[in-house]
Amino acid sequence: MSTRKLLVVGAHSADFVWRAAGAVATHTAAGGEALVVALSYGERGESGELWKREGQTEDNVKRIRHEEATKAAAAVGAEFQGFDLGDYPLRVDDAAIERLAELMRDFAPDVVLTHPDKDPFNPDHPVAHAAVARARLLTSGAGVASGFRTAPPSEFLVFEPHQPELCGFLPTVYVDITSVFDRKVEAMSHMAAQRYLQEYYAQRADHRGNHARKVTGNAEIRQAEAFQRLLPNVVGAL
Amino acid sequence: MSTRKLLVVGAHSADFVWRAAGAVATHTAAGGEALVVALSYGERGESGELWKREGQTEDNVKRIRHEEATKAAAAVGAEFQGFDLGDYPLRVDDAAIERLAELMRDFAPDVVLTHPDKDPFNPDHPVAHAAVARARLLTSGAGVASGFRTAPPSEFLVFEPHQPELCGFLPTVYVDITSVFDRKVEAMSHMAAQRYLQEYYAQRADHRGNHARKVTGNAEIRQAEAFQRLLPNVVGAL
Amino acid sequence: MSTRKLLVVGAHSADFVWRAAGAVATHTAAGGEALVVALSYGERGESGELWKREGQTEDNVKRIRHEEATKAAAAVGAEFQGFDLGDYPLRVDDAAIERLAELMRDFAPDVVLTHPDKDPFNPDHPVAHAAVARARLLTSGAGVASGFRTAPPSEFLVFEPHQPELCGFLPTVYVDITSVFDRKVEAMSHMAAQRYLQEYYAQRADHRGNHARKVTGNAEIRQAEAFQRLLPNVVGAL
Amino acid sequence: MSTRKLLVVGAHSADFVWRAAGAVATHTAAGGEALVVALSYGERGESGELWKREGQTEDNVKRIRHEEATKAAAAVGAEFQGFDLGDYPLRVDDAAIERLAELMRDFAPDVVLTHPDKDPFNPDHPVAHAAVARARLLTSGAGVASGFRTAPPSEFLVFEPHQPELCGFLPTVYVDITSVFDRKVEAMSHMAAQRYLQEYYAQRADHRGNHARKVTGNAEIRQAEAFQRLLPNVVGAL
Amino acid sequence: MSTRKLLVVGAHSADFVWRAAGAVATHTAAGGEALVVALSYGERGESGELWKREGQTEDNVKRIRHEEATKAAAAVGAEFQGFDLGDYPLRVDDAAIERLAELMRDFAPDVVLTHPDKDPFNPDHPVAHAAVARARLLTSGAGVASGFRTAPPSEFLVFEPHQPELCGFLPTVYVDITSVFDRKVEAMSHMAAQRYLQEYYAQRADHRGNHARKVTGNAEIRQAEAFQRLLPNVVGAL
Amino acid sequence: MSTRKLLVVGAHSADFVWRAAGAVATHTAAGGEALVVALSYGERGESGELWKREGQTEDNVKRIRHEEATKAAAAVGAEFQGFDLGDYPLRVDDAAIERLAELMRDFAPDVVLTHPDKDPFNPDHPVAHAAVARARLLTSGAGVASGFRTAPPSEFLVFEPHQPELCGFLPTVYVDITSVFDRKVEAMSHMAAQRYLQEYYAQRADHRGNHARKVTGNAEIRQAEAFQRLLPNVVGAL
């Protein structure tokens, strides 16, 4: 029974679904706790279907996106929290970084997941990365007694972006999500505003499953998600 | 009780000691099997103290180096095998690659360790890397039924070179070797021809231990070894 | 009406189908000429389904693979030629490089496509890359009068490998293959020995189509293939 | 007759002349429209000759630089606009980014050119890059219906910096400017404050012409300019 | 007798000791002048031992750290100056950058040393790097007459971070500090708040000395420090 | 009075002239000794003008190229030696590497210059690099007593290739060749077979001089050559 805690931080409320819902589900299925934070709802820039409805408003989009994300998180056993900082552009000031750091000190995650530091197709993803990386370091300190409250250092990984090669993404971990893939499919089904991506990321999970089979020779793996560790993994044996 | 098998391939007979003896020891301490292959004895280029003795010969150096490596391997629970292909320069022809591939098909390692692909201070280390990488792929095939005998694909990592940054080495795994560090110290003590390195790599293990403490916040870690995975690590959960 | 000539060189006879059949088809659909060269038939390592048949022989596999590749090439308007140099391992000696260079001097391609220079999952792809790069330079010379027969320098690109990020592949060109996608599907259907890849690469073409839509905003694009140019593209205007 | 629109954004008013005047001229010669934006006049840091005159003032330098840039732009068929944000240091706040994004939404460029993201010799060039990249993404959105006004995504390239290797510049496109080189020479002649650069960049155009001849074998090319695409180029055929 | 001037800028008051005290000492031993600037005292995040004392306050920690740094600087012949901008997080606003630039214009250093631009273990080091790089460029200008006060361009290097490979640090210069190593040891001894690092960096100096011996074959070298030049070194002969 | 020894190894007999003649001249002007080795004469691929003469033969081209290189070397105070291994393709077998290693053991150079390891425009340059790197390591050994004759390790740099960015060339050293530039011009004038390059590389020396002025602020520098160090530079002080 895992007692590990996983924190996923996305720039927009749907990001965690496409890129990490499977890893969240394997984590909670093992007994771990998972918390999803969205810095914005992606209300202006990533809510395509919703803006096709006449008379749509930002407030209404945010309300719908909050509901969708809450349901999607629940589908993989996680809690959802929205910081509502605005999107296109997302701006994270010192107060918002401190808010995120405080959340990390309270939650004390074992693992933190977020976007890669580069994305030539999105103005908000790199902003989210920088904020998470900074809040995480302000939380853990330098590993010595400090003049502020700290939490132990967490493992730090980034999830797969939409055009991985162009974001400098290099997969170093494949998580086998075969046993929880139906949970990811359900989580994706709640994202009504971005329908095409449901098909795209279901196929992508199959492809990463194929890659993981090639790496291991394990024919049982059907679906996987790809991640990149930013810090060395400390293990007891290879 | 681990049933995993570890294969370490070095260009010269002492390479595994400085760079991976701790990982070998944690592996065998857990019940795993370990095999060390040296492509040469480093008899011409890396047997400094021995060549200071008057009347020294290559054959005699090779004999001594074989004994030393056998003892060092035993100290960490591993078997040692020398391919005796010559050093400075090490040359690995098609027959030697096939010999290594056959060994891999028979031993069927779960993990393979060798040198990084680049070393501006050593003519033989990159040759060893290329040979191991090639033999490994000829062993595993493409993951489909093949017209030749195969073994399942192994995990593939490189160990730490002497001047890591200049060899393009980027640590992605720290193995905590605290509990077996005395085994590594004993293994190193058998390498009479390269005395200064015993002190150097004992300190280096302390430094990597410090790095691993910083990464994890785990104050119990005293010594560690650093490795770089060349292929994604497939896991069941983060 | 294009008069350009395209040369595709793969390590194994099926490589061009998954990775470049669409680009070949757009090329021939525009009136251009295309020639596919396979350095081997992938008879030992990449003919999975065929080796499941009892009593299978290398010669028989090669015969079948030759037929399949010829049909697949025809489906996209190209000619197929097999060098039959053997696979797992593919070895390209000086004579084979000269044979390839002579073919290039005769055919005088405007564009040459092959594998990237790195592939941690395949022993033969990097060998093919090195051979093509070398033959190409021995063909074009240094752009001055030479003591050997030359052909004009060709554009030089690599096609998408199976695990792109791990092969260092960075897409710099997307070819819109929407109008010829049925041709690629037919070409893939001839590759009976590697059935799963038909589905994989059909989906992959959709994904690259999605990427190309993101880059251009052009909603007409449905499928695309990704390539990386190794040399600057010389144009008359941006 | 081209109907394409080209937007060039420089940190200082003369940047476009040295690095992209030829590409602008080929663009307008083909019938396209071109707009040059300078975020500052380079009045403090890049107006060497002008500051040698006694009693010089910032306002006077800016006036002269505005005139010079307007004439240079006219020489290659482009319009010039100065944002006058100050130089050494250039600071681009949220309002200035929104101003640039609004300009992009109105002008709807097919191609955007600016500085690379790194320049160890200039404090303002990377600031300009970051501003242009951000404004461009806020303009195009994510390719779906959005809660703000958008324009179609543009091609995005960076022009050649003064010490290319040290700025991480990797040329991926050479534009043949042979037929308009006299236009570039005239444009450069208007930059009285930076005389030596006229000779430097005329020779540099010859060198890039030599490189483009090497790449193509086309002996007609005399001068060229080098650019790096930051996003894949989507084409109908190779 | 050297008349060169060396400026070392650290994020926290102890940084220069571990990473550059030897280079400072060789510089002053040759007759050069050295100034150490600390942007903060590391009072909150890097004063471990001090925070173990009951009733400790930030002001008291800063006072002690100021004294320690002043003594350590004196031990290697340098002057110490604290900017007291706060740590964890260090924030450097425009006024602080201008203050640093003014200091550079007055001191006119021949060489500037600071942190690398990346450090996944420290939130303040990259901030310090960016500030120093920016102030340095605002000081030197573009090498032409300018509308502001300038100083000649300085050599620009970064010192070794704690986990070098993970900070992207590539050593390009080893400074032989054998003759002044006792000065570095004394400087380190003043840093009571970070005791373990005294042993760590003494061993590290031995290791870099070993590396420098390998590079040169010069057996006289015992200790060295590693640096990376960010700009080409201009020399009269190789 | 320098007693240092410089070894320059080119793939073809003219390579050293364009890329390092200035550095050779500063070296010999200071009293140092310089030896130029050409692995081939570039007789087939890089002797453009000579092959325009009717009835030209390889032997005659080699004879002329030998004379030209000898004169060019003399112009900068160096001796010239041709290994005559053939070009397009250059092949360097084990015996040729041993010949080069023996030459290095005899000459015992302080500095070795050759091509970068990558050149997408030339089949022979990377072959030369690999041969020099290997021979150099077989010469110096591992810095300990060895079973073969050794010479002290030399500094190892690569000179500027024709299209630097595309060869991965990153300048780390500029040699000021102002005082000997007339020597380089004379050396270049002997290369009758490659006339255009005389103008190209004279301008290139001016450009690198401009870059070196920017780096140092030293207005006396007129011409420079660019190099990249492959190993750290060990110095007594910064």
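Letters A, B, C, D, E and F name the chains as they come in the text, with residue numbers starting at 1 for each one.
Operating definition for what follows: a contact is a pair of C-beta atoms (placed from the backbone, for glycine too) under 8 Å apart; a residue touches a chain by one contact, two chains touch by 3 or more.
Please read these numbers as outputs of a predicted model, since none were measured by experiment.
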Mutual neighbours - chains that touch chain B and chain F alike: C, E
Selected interface, A-C versus A-E, where C-beta contact pairs are more numerous: A-E
Proportion of interface numbers common to chain E and chain F (over half same, under half different): same
Identified repeat of the B-F interface (over half of residue pairs identical), from E-F, B-C or A-C: B-C
From chain C, the most remote chain by mean C-alpha position: E
Whole-Å separation of chain centres (CA-atom averages), chain A against chain D: 37
Shared interface positions of chain B, touching two or more other chains: 121, 142, 166, 171, 211, 214, 231-232
Chain pairs in mutual contact under the definition given at the outset: A-B, A-C, A-D, A-E, B-C, B-E, B-F, C-D, C-F, D-E, D-F, E-F
For the chain F and chain D complex, residues of the former touching the latter: 121, 162-166, 169-171, 196, 200, 203-204, 206-207, 210-211, 214
Complex contact set, residues of chain B against chain A: 2, 6, 23, 26-27, 29-30, 32, 111, 113, 140, 142-143, 152-153, 155, 157, 171-176, 211-218, 221, 224, 226-227, 229, 231-238
Touching residues on chain E, where the partner in the complex is chain A: 43-52, 56, 58, 61, 88-89, 91, 120-123, 166, 194
Interface residues, chain B side, partner chain C - complex: 94, 97, 133-134, 137-138, 141-142, 144-148, 156, 230-232
